[in-house]
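As written, the chains take the letters A, B, C, D and E, and residue 1 is the first residue of each chain.
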Amino acid sequence: MTGYVWLIPVFPLIGFLINGLFGKRLSRKTIGVIASGAILFSFLLACVIFFQMNSSVELSEKGIRNVLFPWIHIGDFSVNFGYLFDRLSGSMTLMVAGVSFLIHVYSIGYMAEEEGYWRYFAYLNLFVFMMLTLVLADNLLLMFVGWEGVGLCSYLLIGFYYTTEVASDAGKKAFIVNRVGDFGFMLGMFFLFTLFGSLEFQHIREAVISAGLKPEHGMGLITLATVLLFLGATGKSAQIPLYVWLPDAMAGPTPVSALIHAATMVTSGVYMIVKLNYVFQLAPITMLTIAWIGGLTALFAATIGTVQNDIKKVLAYSTVSQLGYMFLALGVGAFIAGFFHILTHAFFKALLFLGSGSVIHAMHHAFHHAGIHDKDPQDIRNMGGLKKYMPKTYWTFLVATLAIAGFPPFAGFFSKDEILWKTFASSHRVLWAIGAFAAILTSFYMFRLVYLTFFGEFRGSKREEEALHESPSVMTFPLIALAVLSVIGGWIGFPHIFKLPNVLEQYLEPVIENTGGIHFLHNSALEWGLMDVSILCAIAGWLFARTLYAGKSDVPGKLAKTFSYFYSILLNKYYVDEIYFALIIRPVKKIGDFCWLFIDTIIIDGTVNLVAYLARCFGRIYSLYQNGAVKVYALTMLGGILVLFWIFF
Amino acid sequence: MFESSFLSLVTFFPLLAVFILLFFSSRAEKGIKVFGIIFSIIHFLISLKLLFDFDYSVYKLQFVEKSKWIASHFLNSQYFIGIDGISLFIILLTTFLMPIIFLSTYSGITKKVKSFYINMFLLEVGILGSLVALDLFLFYVFWEIMLIPMYFIIGVWGGERRIYAAIKFFIYTMAGSLLMLLGIMYMYRVAGTFDVFKLYGYHFSLKEQIYLFSVFAIAFAIKVPVFPFHTWLPDAHTEAPTAGSVILAGVLLKLGTYGFLRFAMPLFPDAMVKFAPYVIILAIVGIIYGALVAMVQKDIKKLVAYSSVSHLGYVMLGLFALTIYGMQGGMLQMINHGISTGALFLLVGIVYERKHTRLISEYGGIAKVMPLYATFFMIVTLSSIGLPLTNGFVGEFSILLGTFKSSWQHAWIYTAFAATGVILGAVYMLWMYQRVFFNTEPSEENKNLEDLKIREIAYLVPLVIMIFWIGIYPSFFFRRMEKSVDYYLRIFKSKQTVMLIDAGKGGIR
Amino acid sequence: MQLAFYILSFIAVFAAVMVVLSDRPIVSGLFLLLCFTAISGLYITLSAPFIAAMQLVVYSGAIIVLFLFVLMLLNQHRESPSKRNRFVTFVSVLGGVLIGVFIYLTMLKSKILLSYTKMSAVGGMKNNVETIAGVMFKKYFIPFELISILLLAAMVAAVFLSKKRV
Amino acid sequence: MVGMLDYAILSAVLFTVGVVGILIRRNIITIFMCIELMLNSVNLLFVAFSRYMGHVDGQIFVFFIFAIAAAEAAVGLALVVAYFKLKETIEVDEIKLLKG
Amino acid sequence: MNVSINYFMLAPFLILTAGIIVLSLMGVLKENGKQTSGVVASIFLLGDLYYFVKLMPKVSYRSLDYLNGAIHYNLFNLYLSILVIVCAIASFVLAEGFLREEDFRHSEFYAIILSSIMGMLAMLNTVNLINIFVGLELTSIPLYSAVAYFRYKERSVEGGLKYFVLGSIASGFFIFGIALIYGATQSVVFREILTATKDDSLFKLGLLFILSGIAFKASAVPFHMWTPDAYEGAPTPVTAFMSIAPKAVAIVILVKVLYAMFPDMFGLWHKAMFVIAIATVLVGNLGALVQNSVKRMLAYSSIAHAGYLLMAIVAFSVEGISAILFYLAGYLLINIGAFGSLSLLKKGDIDFVDYDNLRGIGYKYPFFGLLLSIFMFSLAGIPATIGFVGKFYVFKSLIVKGEYILALIGILGSLVSVYYYLRVVVMMYMKENPEENEFKFNLLSLVLLTVCAVGVIYFGLFPQSINKIAVMAARVLI
């Protein structure tokens, strides 16, 4: 079966083609089945190949490589359509295929009564195809194909409700900000090609190792290349400068947010850096910038998350914050910890989104039933006390919250603690502090969310309340599956002090080349201490949220008034969007107008028309001179002779 | 049938159509239209033979025909025609676009149909002639003849300001080509022959080369159009009928870049190398300027016109980067631009036939009423902004790679600025797409817009197929162009290294 | 001889200037007659009797009479006062005089003119007409014939132009 | 002795008077007279040259010029008469229909 | 002592004399002579044409001479004589339809034109100055009356009168120049003038006046003021004739005077011709830009084309002369076509020659529209037409001689000319036709125009046949 690696991404492509071309004529049920079936097939195939690969040592070392056909061959630049299924991309494929299968099943229920059903599933399948191409690509250019393809699908899916200006604006914003990131990615590729003569991962890896390059070689080019690649990653994985599109991307349907803006697409930036770890390690400056930007994003997003009132906005900022953590891990050199957090984050964040999805779904029914159209089903202030009506959703949501907050048995704890420990161990004390404080904020806003939505009384009319009911089983089954994964997900990466096998570490060890000479302290006592500190942070955040929101007290209202200034800044997301608009969008439009109205019409056209006008003027002057009087004609002849006299003598 | 003069058959085949059309009565419009479509399809099939018999293993001129034309005393030019990797695909693009154009103007043109078709066929002869001509005088004759039918097409069947646009188009190009005529005369006087390949061998002095190159460059820059000479393009496009602007954008603009690659650059390599940095800067300015101005346009056709200024800036950048990637990318981008911008104009034409307005504000939320049209428009938009797996990406990527790897000083700054064009491209295209197709529910009069008809789908599908074919499997084209581009690159490379060394700049990175 | 030349040339120049200055065409016509007779006198001083005779016959007799006849026909008495601005007339006078001065200067500078001091015998008084006739019909026979055609054509044209509309 | 120079200067003077006359006068017939005057000055020059050079050709040319002057006068006056029949005036400044 | 008259050499002149006499009498004797006078005139011209064509091979390598230069046939002179006669026959054909439409046909018209042609032949086929002067007068005086042919139309008579006054002034200058040259070299034959040492200021004065005399006929700028008015006033066939034949003869005489008589004063007249050529091209083109009558525009365009020819003279080389000869041949075809088309646009005695009259003609009379467009494109110098090839030869001769400024101004001029030539096409095809006027086209003229159009296209693509003769003729002169 090793020859069929390319079939993994092609299954969703076939799904896309069927749904895309014949979607209108198929019934909703068949569309859902085709779409989810395609993902299921590719997931199963991935599992089979995964086991086949691990069974043979030689294969698991080098990875399975299928080269389909030559793509761009110009001079010495040769790139072809090839898929590489090695340990790293294999595990990532399993996660992507698995999570997207669950989300497909979920969306059959969620999108049941939406029109444009077939279009949704077609785009979703196309998205999975693009994501798998990105993951399984054997060279950077094919990864770039997946990279932009994923951007396109997120544009289509965010703008799914295209009749509303908000959705289509958000879609366009997402695509353009991604394009800015891709600009960096492309330039990074050029630098890499100049350095290593090829864009294939294996080729670059051998070039780095065989040349025995070390960070102190001070290769300016490598730093430049890695910074540009990181710029691409920030675009895609929503880090500080280019994160603005993620919160607006919530305008799309919730399963889309779950799949794209939580589990798969946003982590592709991190995945790319993990894949090119041996190159990034050669550029210590870049590692530092990645670490710092990761840390700052984590803190920054967490602060905004604490005051948001839209359930999906809170989760969006929490995603940005968790991604900040992943980049922090990469920055300090803990690539495997970063990758581990990708996996765990995918499980519990997808679960959180799907949970919020079923809540919104229920609220939507309630408002619909009560005939209210102006209230926003996503606003947590209209919810409250849903525990009684949606027990399954509540419990799965709680599991995910505990996971993300970092309570021990759950997945989140292991991966986040691993990151914090590795940050501290690589002597980045300040970054560790930022991380810890962000962890407190994380658990605070998550528990605030839980209390506001599920605990207390229902803040809405009686007619809405009786219409609340649990989501159908097709939606709750994926919730439960993800809840299980959120729990056991963490157990594949026990910290070594637990004396339990760190499965992931050993498995991915050959993937990471230690070219950067990064070393970590080995002090188990310190590690235990820090683990306790991170648990304390989680508890502190929980207690703080409970005191504020559990009871019916109006403490949060008073708090908001006293710190009204800070509160309003946080609520308006530090006015980042407005700043971007003022600094970039409006000036560009102005320059556009200036160029068109001034340079084009006045200067260039102006001169051309002026020349034409001058010619006509001379003509007119001459025709006035030729006024028909014979005297004037004779005089001109005379003048001519005088001129000849002047010339001759 | 007659093997030796196959290329002349392909070039002058449309004249046969013109001759037959004369016998049609001008009232039998339907008959003329159907004849036009059938004839152009036959012509395309015939021209495919050029592709199949094209031997790209080694660089040599193919289908060459050389016979006496004017053997007078002070002017002896030969009827010397032939094709190589460079002109092959532009010729095929022309014959490929013609049937599509005739299909699209089935309902587009109502008055004076017969003379419209005659003009279109004459235009095609002019274009094919200039592409195959390898004798400077013959090239110049075809280059000018091409203007007349295009002038009539814009002038007679155009929009409101058609006469101003037609005159502006004619005078702009005529000014440039008259300068070129002076250059040709000077070269004939010095070298004694019009044969391009003999002239490649002839070494002009540097001072001569500078004058001659600037003269040729201005003539072709107006045609391309390069930044300062581009103001005729938006007028010509908005005023031309759909068919006119498709053929104008699809092929006529390519003649400028083809002229650069075939005549201006190889004939005067030393001057070209000296001017290349300035041309590159102009190309980049063109890219960014074109994109910025396209952003603020209110009329879709003007927007697309400015976008082609930006796209052709890429092609010029690719050519003048003097690297194998850049040149191949530039050549491919010429074809891509022909397909994607041609498709865009066809799409604008379709919606123009229904609503008779091109202002973006008149549209909104059409995706709901015309979903199929929206999908086609989306595919073409993606190809135009260069999304991977579409043709635009392959072209743009190789050009940017070529610029990056070029041995000009601080080449990577050029690449960075040119790459911003990729972002700006996405901005104006998607912003336009959003305002036209999304944003609101379709307004009252937009409600009853009916979706694509079979005929319209029939001529859009081949374009979409080409978009994905070049996007996914470009090496079919690269292999056929490789040898020719190598041939020309060898001429430039030697000159460039010499220039860089004595200019004290570092050698190749 | 000397004296005759200066008197006759003075009369000729005076008459010519008066032709230009007088605003009554008839008077200027008569002055022209005087000028031409003076010129024919000059021919006598240049010992070219036949030319002098022809001058009197052709010019004074035929052409001036024709002019006066046409003047009478169109009853042109006094020219209307000049509506033209002074500037143009001033410029034209200045221009004309300037040309005259230039010609005069070049003639002074020319050495060839100075070299001609003595009148040659050939073509002089003795059998003047025979020599002219001999050369004219031998060397310049072609122009002579052309002149006849010219006169014929002029006659046809003149007659045609003066017919009525019919 | 009266040299060639004197005759040349005389004919130059007459020539310039003729030219000036054409430019100043407004009546067409006066202009014709001035043209005749110019031709006469040329005749004088020709005769002077032929006599001082010993060639008789000059005098023959004079005959041709006589005939041409006559023909010119004839056609000219015919034109003037035709114009007079149409426009009642023969002032040069009035002839302004064709202009621009 | 009788003079042996060589009737063979005089044949063309005798034929024409007979023609003039016959035609003058026809007008008087037979009332219905009017219809056939055109045919009779053409017969005489064809006789002359036959004579010259028969003479062509005999003269290709040597020249026949009679009465030491009075009549001098060589290839150069014959080429132009044939050109003149062909132009005359063409204008007679145009006159057929034109005069019948005006119903003012008189055989005197043909007599006048024939005498003008005879003058031109005399001027061309001679090597002495006096013959040229007499020929010049014999050309111009009948033309003055031909312009004023419509004696009842004020425009026509005014045109004739203006042309007459200025023409006689110019011929006065011309003969004054000849007198001075005669005085300086004691002879009027080219060869003797050529051999004379020209250091005297008299030569400069003489050359100056001769130049101004001929420049008037060639409508070079300082002396061009008569051209627009005379061309507009004259009946269109006469304008056609006037815009080609006399201009060609004047240019060629200028070439002969400068190259055959005053080559050693090159430095002097080169500067003068340089200035005149540039001025002529600029004034010709700029003047034509603002006209709203096509006929007057074509008058200015003829000035501009004279400017291009003057540029070729400045080039002073065999290539320059062959360029002039080729350009004149092309110019014959185009101008006959252009003015011929205008002469067709006539109803009764009203000429419809304004731009506005042409609105929508392209669609009402498609064939006529096509013909006029071909001529306009050829005048503008669009390739595949003889106009382009002519301009190509002229500008190339300039570049070969290093006259880059002149070539550039020539190019600039032809660029400006593209605008007003295309305005005709714009009016015909791109503007709607407000006024409805029906024209019935004279078949014979249409045939002539088609022949011209085919000639323009054919020689535009395959110019070598004419060019070969032109080069041989040019070699004869230098």
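Basically, a contact is a pair of C-beta atoms (placed from the backbone, for glycine too) under 8 Å apart; a residue touches a chain by one contact, two chains touch by 3 or more.
Bear in mind the structure is a predicted one, so any value in this text is a computation, not a measurement.
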Fewest touching-chain hops separating chain A from chain C: 1
Given chain D and chain E, the chains that contact each of them: A, C
Most contacted chain pair (by C-beta pair count): C-D
Most widely separated chain from chain A, with each centre as the mean of CA atoms: C
Maximum centroid distance from chain B, chain identifier (CA atoms): C
Identifier of the chain whose CA centre is least distant from the whole-structure CA centre: B
Cα-centroid distance, chain C relative to chain D, in whole angstrom: 6
Where chain B and chain C are represented by their mean Cα positions, the distance between them in whole Å: 72
Chain A-chain B separation of Cα centroids, rounded to whole Å: 38
Where chain A and chain E are represented by their mean Cα positions, the distance between them in whole Å: 81
Residues within chain C bordering two or more other chains: 84, 92, 95-96, 99, 103, 106-107, 113, 139-140, 143, 147, 150, 153-154, 157-159, 161
Touching two or more other chains - residue numbers and ranges from chain B: none
Of all residues in chain A, the ones touching two or more other chains: 623, 626, 628, 630-632, 634-635, 638-639, 641, 645, 649
Interchain contacts (touch definition) - all pairs: A-B, A-C, A-D, A-E, B-E, C-D, C-E, D-E
Footprint of chain E on chain D - complex, ascending: 8, 15, 18-19, 22, 28, 31, 35, 38-39, 41-42, 45-46, 49, 53, 55, 57-58, 61, 64-65, 68, 71-72, 75-76, 78-80, 82-83, 86-87, 95, 97-100
Touching residues on chain A, where the partner in the complex is chain C: 631-632, 634-635, 638-639, 641-642, 645, 649
In the complex, chain E residues that touch chain C: 3, 5, 10, 13, 17, 20-21, 24, 27, 67-68, 70-71, 106, 108, 111-112, 115-116, 118-119, 122, 126, 130-131, 134-135, 137-138, 141-142, 144-145, 148, 151-152, 183-184, 200-202, 204-205
For the chain E and chain D complex, residues of the former touching the latter: 130, 133-134, 137, 141, 144-145, 148, 151-152, 154-155, 157-162, 164-165, 168-169, 171-172, 175-176, 178-180, 182-183, 186, 188, 228-229, 232-233, 290-291, 296
Of chain C, residues touching chain A in the complex: 84, 88, 91-92, 95-96, 98-99, 102, 106
